[in-house]
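Shown next, in structure tokens, is the structure this report addresses.
Read from first to last, the chains carry the letters A, B, C and D; within each, the first residue is number 1.
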């Protein structure tokens, strides 16, 4: 992603570990898109009635990944308490959405892919949290 | 807001206290708009250099209020752990933004108004959190 | 809304007509929330299969109202071509969503309320567009 | 991106050209992140006063790219008039932001990178528009 290069030219990079930060950024952006896509694919499925909770948590997860993604992209003059809270919320949504999508993974490839993306994003959030202390 | 009436006709309202929920919804939506507006007004001020952290936390707070607002609006098939995490993140952002805007309240009316809105939203979030248990 | 007062203290208000601008801001914010709520209520309805297109356009309309709302809130250093394009997109989404929700208004009060909100927002967008020229 | 694979398993893919659609999705998501990052890097620069319009259009462009990205990701039961309007707004924002960032490209590498990303996204939007007819 271009963000990777933009951060190299940032005048005031944050003190967070660069590699861990970049993975969290990319996984948040990726997971927001995957959850938006999985919610939409689920809305088009014949067994839609079985996927209502899946759609709900996909929508919530997309919103929190998008907010967290924007917040971890920003480097200038941060409040680490806000960054921490945003990543914790994103990780909680990824955990919930990953669990629910996993339940439908055998029947819907988009749920399997989305569960995988959620788990990866949850892990990237937790790694970044561990470096904030 | 129309949301108030829409929730009255919702087929599957959540178990959360209606009055507390509605106040949280309205305060999140209001606070997202106020923070977007305060960030923009600060960007136009002559003492912009003093307002950099203010703009930063305003942008973060707008993003988290918007995400939390959407999530608390939704009633169907929720995961309360996600709702809790979203509201906690919103409250943390409101606390940070309210504190920073308060520091500029004497010089900038938009910061005074934004600080007030942030404190009200933080309180509404905490009240809703206390009903989730 | 607090935004109304914040704009009164803005150091660089845009040249747009204040009353028309404020109505557009409030209607965009209101309509984004209403569409998020109507999509969610529709997801909980027994005749969900009849409401798939309704949910889809509600989600699109919420996203475009939210983006347009943020953009018309901002006053500092605008590009009027971008503002125009954002409002035109918002008006198009409101027209589409208003028409679709109207089709379900007799059966679902949330659709009737959402259609009304979309029509009001579309009109506010068109009035603001007519002042931009 | 995972969205690419999710769309391969979508039960109701839209009639739009797959390759052109995927490029538009990826460029919208990428450009939203780049504009958020460039606005933030600009906020940290010493010549911040020269970058106010740049920050403003970056914020608008991020919001419209994000909305357009979500909308073009969705395949189920679309209204092509809404998709068209969303992409047109995104293209207008990318044009404006690309032009402004280009003016600062010699002094700020993040502006040069952002201008490049905006131009690529504008082109992807225009290509998708040409297939919608």
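Quick notes
The criterion applied here is as follows: a contact is a pair of C-beta atoms (placed from the backbone, for glycine too) under 8 Å apart; a residue touches a chain by one contact, two chains touch by 3 or more.
Computed from a predicted model, the values in this text were never measured in an experiment.
Set against one another, A-D and A-C show the most C-beta pairs in contact at A-D.
Note: the chain lying farthest from chain D is B, by mean C-alpha position.
We define each chain's centre as the mean of its Cα atoms; on that basis chain A and chain C are separated by 27 Å.
Chain A and chain D, compared by their mean Cα positions, are separated by 19 Å.
Contacts with at least two other chains are made by residues 40, 43-44, 52, 56, 59, 66, 70, 74, 76-77 of chain C.
The touching residues of chain B, when paired with chain D in their complex, are 40, 43-44, 48-49, 52, 55-56, 59. Across the complex, chain D meets chain C through its residues 52-53, 56-57, 59-61, 63-64, 66-67, 70-71, 74, 76-79, 81-86, 88-89, 91-93, 95-96, 100. Against chain D, the residues of chain A that register as touching in their complex are 1-3, 5-12, 25, 29-30, 33-34, 36-38, 40-41, 43-46, 62, 66, 69-70, 73-77, 108-110, 113-114, 116-117.
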